[in-house]
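What follows is a set of structures for review.
One chain, chain A, appears in both complexes that follow, with chain B as partner in the first and chain C in the second.
Moving on, here comes the complex of A and B:
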């Protein structure tokens, strides 16, 4: 049984005649790193928004752990799937960097001491410790991106969906992110990456799905070692 | 910007081509009535008239629900506050000797909510013409271009604020917080904590837009010429007169009875 399973999913944006996604079938497993690649506007972001229940399909069904996703609340989905938006501005809403990282933990009832410890760890790892009291939207683009990722990782969800996670990161920070994501994967947590960054996909992904015009063009299936075919 | 146009309208009207200024007068009339009236029955009549107009302009009134939905809890809070803190009329519910809900409180609470609904519905008329026509119309009435432009930008920002609010609500829930199930106290404290960063964030985005506008030459030409002219048809004159006269009359009646 796939962790996330899409069957015959079709989706239209309001007042658009052409569907953004057409008859899509895809299963994602919890023990592999999948990448979705495809040109601008091919429907990658739309697909991930359907997977986390922010958008609902016009036809077809999406199942999370064998149950229809419509039966989960957004918060229930959010506790299972960590989602990093393509635009970090859309998901930063606290008044300080430290609060942002600790937000999920605090609200899920973690002990303040545990929250503090984890916040310190993630701020250190993603080199944001110097900004702990800064206003999130005042950070540079790359810093906002790292903060958005740190805030999602701090919740330690079983599965991660990252929409263009390397955007705006310098080579060194990209390497840090890669190392961390690989570590998360070794802990047995699954991951879906959306990226135009071919070398990144090449180094990270065990499976590459290409989408074009809202349809799956090719699916490499699971590979022993990741090889990226353009 | 595609998002703006989608919401702020650029949609063609197959029939009932009225001047944007006529629709502006209608919005002003309906909103004034909504602000002056304070009884639910009169406000309901204004709402009915507004929905009727929207139907005539082929705007799907069910879309209003989409605009109001994110503010539902705020409206509920307003309603409860008005209900509980307004004294007068019959006591409908009391805790011991303390009256909790009175008929006056209930009517004022309902009035506040209806007023928000009417003004939102009336503002939907703005989405039935393009912002370019709006500016053009105002400029032909000798409103300075900068001012007309600012007003149209302000109108375009309403959907931005709404989208910002929806984004934050979504992001909060995706971080694992059950907003629908928590108690009212927790909900209010959450809104209070998020209010400042969200408003400030929206302002930062507005500021970026303003910089982008200047960079693209806004204010560069003090005298502008226009390709098109909007002409008021006789239907426009009749409707504008009718709406203004009817509104003034209704306001007069409201204050004399």
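Moving on, here comes the complex of A and C:
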């Protein structure tokens, strides 16, 4: 049974005659890193929003561990699937960097000492400790991106969806992110990457799914050896 | 005469706060593409805001030193006259787009310059074709994908045809086709004598640049020919610009 399973999923944006996604069938597992690639506007981000229940399909069904995702609350989905938005400005809302990283943990009822320990760890790892008390939206774009990723990783979700996670990251920070994501994957947590960054995809992904015009054009299959040529 | 002259440029976001830019001095010639790179948070976008006049006119920080564009000091320039000299494409297109349709977005600046309607239509058609986004003409900019938004933001700035163009990671969300298209447009603009200052982390994407500037903690640590700097792997590795 796939962790996330999409069956014949079709989606229309309001007042659009042409579907953004058409008849998609896809299963995602927790023991692999999958990348979805495709041209701008092909429906990649839309697909991930359906997977976390923010959008609902017009046709077809999405299941999370065998149950229709429509039967889960957004909070339940949020605990299982961590989602890093393409634009960190849409994700950051706390008054300090440390609060942002600890927000999810605090809301899950973690002990303050545990929250503090994890916040310290993630701020150190992503080199944000110097900005602990800064207002998140005053950071540079690359710093905001690292913060958004750190805040999601700190919750240690079972599955991660990262939409263009390397935007704004310099080569060094990209390497740090890759190392950490590989470590997360080794712990048995699944991952879906949306990216135009071909070298990043080729270093990270075990499976590459290509979408064009809202349809799956190719799928290297589980643990495939597909190479993404941008 | 150089198109952009920066002398002793420093900037603090708050009085008494840390210096985000530390005494930058450089010049950029007409018809030159200069790429600014450096680790996140080193001051690249702040430099763009200073060069475009956005900091001088819209922020309360402390700017010292001078920025000259085509012989004019940006401190003495205001609104429309500044926009006619320098166009800037922001790193995050969501902060730049505001019109109900792509067409309106691109027409906004020419309309505000009171250009004749025929000329505005011609300009809109031209930049839509140039960037390959004509099919998005009637779309709501906020409903576009990240990469499409970047192309529309660039198109809206090109509609003013500024002699100096500043683009802040304008290719970061583009697919390979989009990156090639934007690179070709930038090269074409250089051929027309435009001056381009581009912030970029992906140095392979801007191999066509004439020179590179490397910033580190707000200071300019190197300014060199692009091919010379890209070939200096010891320097690039030591500065963590390649891994």
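Here is the rule we use: the second predicted complex is superposed on the first by the 222 of 230 C-alpha atoms of A that agree within 3 Å, B and C clash if a C-alpha of one lies under 4 Å from a C-alpha of the other, contacts with A are read in each partner's own complex, and residues count from 1 in each chain.
Assume a contact is a pair of C-beta atoms (placed from the backbone, for glycine too) under 8 Å apart; a residue touches a chain by one contact, two chains touch by 3 or more.
These numbers come from a predicted model, not from an experiment.
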item: First (chain B), second (chain C), both or neither touched by A:89; value: both
item: Touched partner set for A:74, first chain B, second chain C, both or neither; value: first
item: Partner chain in contact with A:107 - chain B first, chain C second, else both or neither; value: first
item: First, second, both or neither for A:54, with chain B first and chain C second; value: first
item: Partner chain(s) touched by A:1 [first = chain B, second = chain C, both, neither]; value: neither
item: Partner chain(s) touched by A:40 [first = chain B, second = chain C, both, neither]; value: second
item: First, second, both or neither for A:187, with chain B first and chain C second; value: neither
item: Partner chain in contact with A:196 - chain B first, chain C second, else both or neither; value: second
item: Set intersection of chain A contacts, chain C complex versus chain B complex; value: 89
item: Complex contacts: residues of chain B adjacent to chain A; value: 6, 167-168, 170-181, 193-194, 196-198, 200-201, 204-205
item: Complex interface listing, chain A residues touching chain B; value: 15, 52, 54, 73-79, 83, 85, 89-95, 103-104, 107-108, 135-137, 151-152, 155
item: In the complex with chain A, residue positions of chain C that touch it; value: 13, 38-41, 44-45, 91-92, 94-95, 143-148, 151, 169, 172-178, 201-202, 240-243
item: Complex contact set, residues of chain A against chain C; value: 13, 38-42, 44-45, 86-87, 89, 138-143, 145-146, 164, 167-175, 196-198, 230
